[in-house]
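Mind having a look at this structure? Questions to follow.
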């Protein structure tokens, strides 16, 4: 991503790239289960201090900004490292930073920074598609507890999380903005069923059933029934992080393709002699530049007023989805048959890019959000 | 268009192509005003019997079918001949054939076939966009007359027509399907103002103001308030004709481009040696084949049940709009600067193709019509 | 083409009913499921094999073959009805390299002995053939292949490797191209061989595809001995056999592509009717989604009609090469876009890696509702549709040569 | 970049107010209309000339020139404010070949005499320059130009022709490339000349563009005599001057493109808010239309930010060549798509040929409401945006060389 990075940022970038290239590069790292790779990477990130980047100094963090997160995510994306930085640090950490009760912050953030704790967000339901206000899971207050009942799907990182942030409705109708609350639920809570699985993009996720799970009122995050603004804010940060990861993947794919067409021979010439392929490589770079520009623009907008922030973030997600899909498909196509196997990292980048499409809302969802905020 | 044409059809096709190439080819014909060219072509078409193609034998017609019309229109499109076959024969003739009172038919059809009469349809209004049921023009019955008041825009061929088919509301609300009536109005009627102009695609059209124009009840076409089905039917026929014209223009552009890249030299080679251009030419031919296929499919569907017919015709218009625009833009681009002038026919084909986009409804309008009929 | 728009004679109607009741009776739920789970070209092998044996028993093991070899002797109209009904019924796709590719070549170029030996085993579902074309260094540029076959008395001695051989793990035979001489043009000096997969010196390495399935293989040949009696056609002239096969492959492809496209579009529409838009409506009614689906459905209508014209023209005797290849480009684009839309439709449920749940007898329970099981692997696997059988660039090169040179 | 998001010092605010009041005062309705009616690159000539004289009088005739030649001596921040305010005010686009292209070359390569003679006339709006580059057989492949300049004592004798010279009918001078020798490489042997348009032997033929406007010309040179004192740079080495000019042209282009794109997107949105969807709503709320507009608006946001980065990097001293060219491809695509959407928005009213109504003082009444007057000619004329200054293919070739060779 083209930007006037500070010297510190440039150093961090270099350190991450070296780390990922040396320790987690493909195909070596594919000999180990993804979860093992993720854990090993997590330890390294903790040691580098990267897990503490966004947090306050009092908890051991370094109070970095949105650009630092983008930079880390770009490096993770470029290195194809399946580290769950978004669910644990960006989302889980974000909820704690913006709305966590002090006691919880003091308890959990140091564990997060040390790499000893994972977090996850369970907000999507079978009928909710991309609308975070579409919540059928209910939370009923009983004394000093809430009783949560309902089902969540595809909660990324839930299989290894210690706590889940769960959205539940404490009031309002099915898709009302008002009435959505956010709870911190221990994975050990009685009545919580977690069906874990790996995802095609080498992360882990789970479908979750809440059978009357009891949550202490102290684990209500933010105000009862008023969690949507908080959720939108944190999701917007997660979107920019995911886009940066996708931009990193695009950069890696472009580099692979340049290398491939320069070396692969067909019809007596290297592929790089064919004008159609040359032009495609150019278009892939155009796509990368545009995606990188919008991601940075969105990162810089995260501290702006909510409507402005949301408009630019949605523009970013809508565009990066398209650009990344274009680059991913083109890269697979350029590599031929080996591109549609699990033997080359190209196919794995492609899967990550394609599953990125719908995470936190697809291109259409964000196009409409952008348009609604453009009047 | 790829089809098992009959021998007769193949002969007619050849005759038209020869005629247009010999008498109306570019740039010679551009030395004369468009209206003069249109008139000369009209006389030739009358002599060839082409103007009588769709009409009953009793009036001097030859009772041809939708494929014959498509074939004529393809040839007109290929030859870039600005003959108003659609407004006079397809639309005007269509209204007469399907709903014309016998006396009117006997009076007007022979004049049409002889080339002595032009017709036009005035149905679009400033606010109606592509919805034929959006009619603000009113018709009020007074004794044996209707009084028409309102305004119409861009009525193709109105400047040379003897009669206009005018839509007006005799009942219902602004965009109701019910309540739309169709009237045959003489251009000499008192209170009719015609503001004529040429169009960028070398036809003529007019904006029309009806200031209490009186129309005899005998000139009501079809049933009062029930004209929409008739209008949709005839417009569907017009759409297929317009698509065939566009397909003809695409064929001509593809031929021009093949010729151009084979002869034009740049960087020491003919353009045909550049893979990017070679592939573009292929894509232009793919577009042409697809557009031709759907146009034929739509022509064959014109005699089917209304819902089936409308579904396929809308599919056709939506697709041919896209394919034609692609070919038009690519052809202009391939020709370089000369392509964006009025000195080469390429630019004129392009203008015809681009104005074809919205005639009888744009691609989006027809996509939605197709989808509504696909459930 | 749509079976419901065909006007059938009484006889034809009777034939259609016969076909329909055959499918109704024999296409059991596991066989249907095998078809639905297919993400690349062929159904889970065991079910394809079962199905071929059922077809064979019914006399329809290879309806398009000449009657003398067991063909059904259909009239052209019957053939059309058969294909349209087959598209509608959707049996599992049988590993077709023997029946549809090797067999026609054996009929055309084979010795009587070869015909008598191979053809009955193919139609009966006893022999299963792999296709040994691509090599690690020769993909799109097939003719640059290097696997060597050195003449040694009555035998050839094979050394080298083949790659991307679909379902070779299930094949007992393989037809392949090998280099018997280095001549002036690279298309010369290639020989077409019919090889037993259990020959000593053959080793098969699985290649897991991007959808997590074992579709492809790399095959290593180390001093593999092949009797010269297993050569098809003349020595050094195998390219002619390969080209004959290719023509055949393309011709069959167009009708299948168009039918497949229609089915795929219907599948996407069904998924979208089961999914929600997040605001209380069906995804199918979402204007953005319906727009994309509608544009593709329109494309399918065009491709379907164009395919009919190519087929009709081919039936009238003109070679379908150019038009079929032109159409092919668009068909594949459309199909890939449809599979992408299906994956988009299922939203978050595109993510779970469900490879173990996607067997006819699943090895684990599936996540989510049934319709979310296949879109992701189908989308990923079908990226190969624009690689196998020639990339769009290669097809465009061919077509440009036809148009411009 | 958006002026409202810039944090300005008190001094900068004062400067901005000065610029704003200048525009408020001098940008009269005819001048505004001249800007709005511009379909290709420059406003109707007479109004561009008026505007240049107004700018000159205010001391802003060529703000970016060095102060010694009359430049305004802006700080970089002032320059930025000036450009953003100019984009917002939208004065008529002045025929810029003299001020923006010829002048920097004269400053770099010219003799003192040439500088003193030409520069004051350019900034004052007295001299108007055409650009004589393309020839009938040399478009994208500019270096293959053939117009010959034969040395004859103190003069060159010119024979040949130039084509696509925008607004040459209004120019009294032309800078041009001519061949003075045939050398090994075609880029060698070219000489850069500064020629008076009233020289005997020059004939100008108008070329009407696709929008019906007289933008282009072909210029025939028959034994035209040009004093050698009118040569810019060395004989045979005109290509170096041309390349310098090109760099300059590209650099200026990026900032202008991004600003122009934002304006264009706003224009389309405004048109769509004035048009109806046919069912009682505004076209802007139609889901199909808003989808297309939204996608383009998002593209504009990206291009705008990317342009800022290129400009910032350039200000920091790095050559913007590669990134600017990359960005340029997307900017032009976006702009053409926006003009197409504008034409689509006005529906049937895209059809009337209104060339006579499109002068600042119209020669006939316009058809339809005011907003339908310009979308069609702008769409058609702007097809030239991907031809003039290099086609996307040419740019992709350049970029591919950078990335791959």
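Chains here go by letter, A, B, C and D, matching the order in which they are written, and residues are numbered from 1 within each.
One rule holds in what follows: contacts are C-beta pairs under 8 Å (C-beta built on N, C-alpha and C of every residue); 3 or more make two chains touch, one makes a residue touch a chain.
These numbers were taken from a predicted model, which means no experiment stands behind them.
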Selected pair, greater C-beta contact count between A-C and B-C: A-C
Taking each chain's C-alpha mean as its centre, the one farthest from subunit D: C
CA centroid of subunit A to CA centroid of subunit B, Å: 52
Centroid spacing, where centroids are CA-atom means, of subunit A and subunit D in whole angstrom: 43
Euclidean distance of C-alpha centroids - subunit A vs subunit C, Å: 38
Residues within subunit C bordering two or more other chains: 288, 291, 393, 396
Multi-chain contact residues (two or more partners), subunit A: 274-276, 279, 367-368
List of subunit A residues in touch with subunit B within their complex: 274-276, 279
For the subunit A and subunit D complex, residues of the former touching the latter: 2-4, 258, 261-262, 272, 275, 278-279, 281-283, 285-286, 289-291, 293-294, 296-297, 312, 315, 318-319, 367-368, 370-371, 374
Interface residues, subunit A side, partner subunit C - complex: 124, 126-131, 134, 153-154, 174-175, 195, 197-201, 205, 207, 265-268, 274, 276-277, 329, 332-333, 336-337, 339-343, 347, 350-351, 354-355, 357-359, 362, 364-365, 367-368
Subunit D residues touching subunit B - in the complex, by the definition given at the top: 134, 137, 139-141, 144, 163-164, 207-210, 212, 216, 275-280, 283, 286, 288-289, 343-344, 347-354, 367-369, 376, 379-381, 383-384, 386-388, 391, 393, 396
Residue ranges of subunit D in contact with subunit A within the complex: 290-291, 293-295, 297-299, 301-303, 305-306, 309, 312-313, 316, 323, 326-327, 329-330, 393, 396-397, 399-400, 403-405
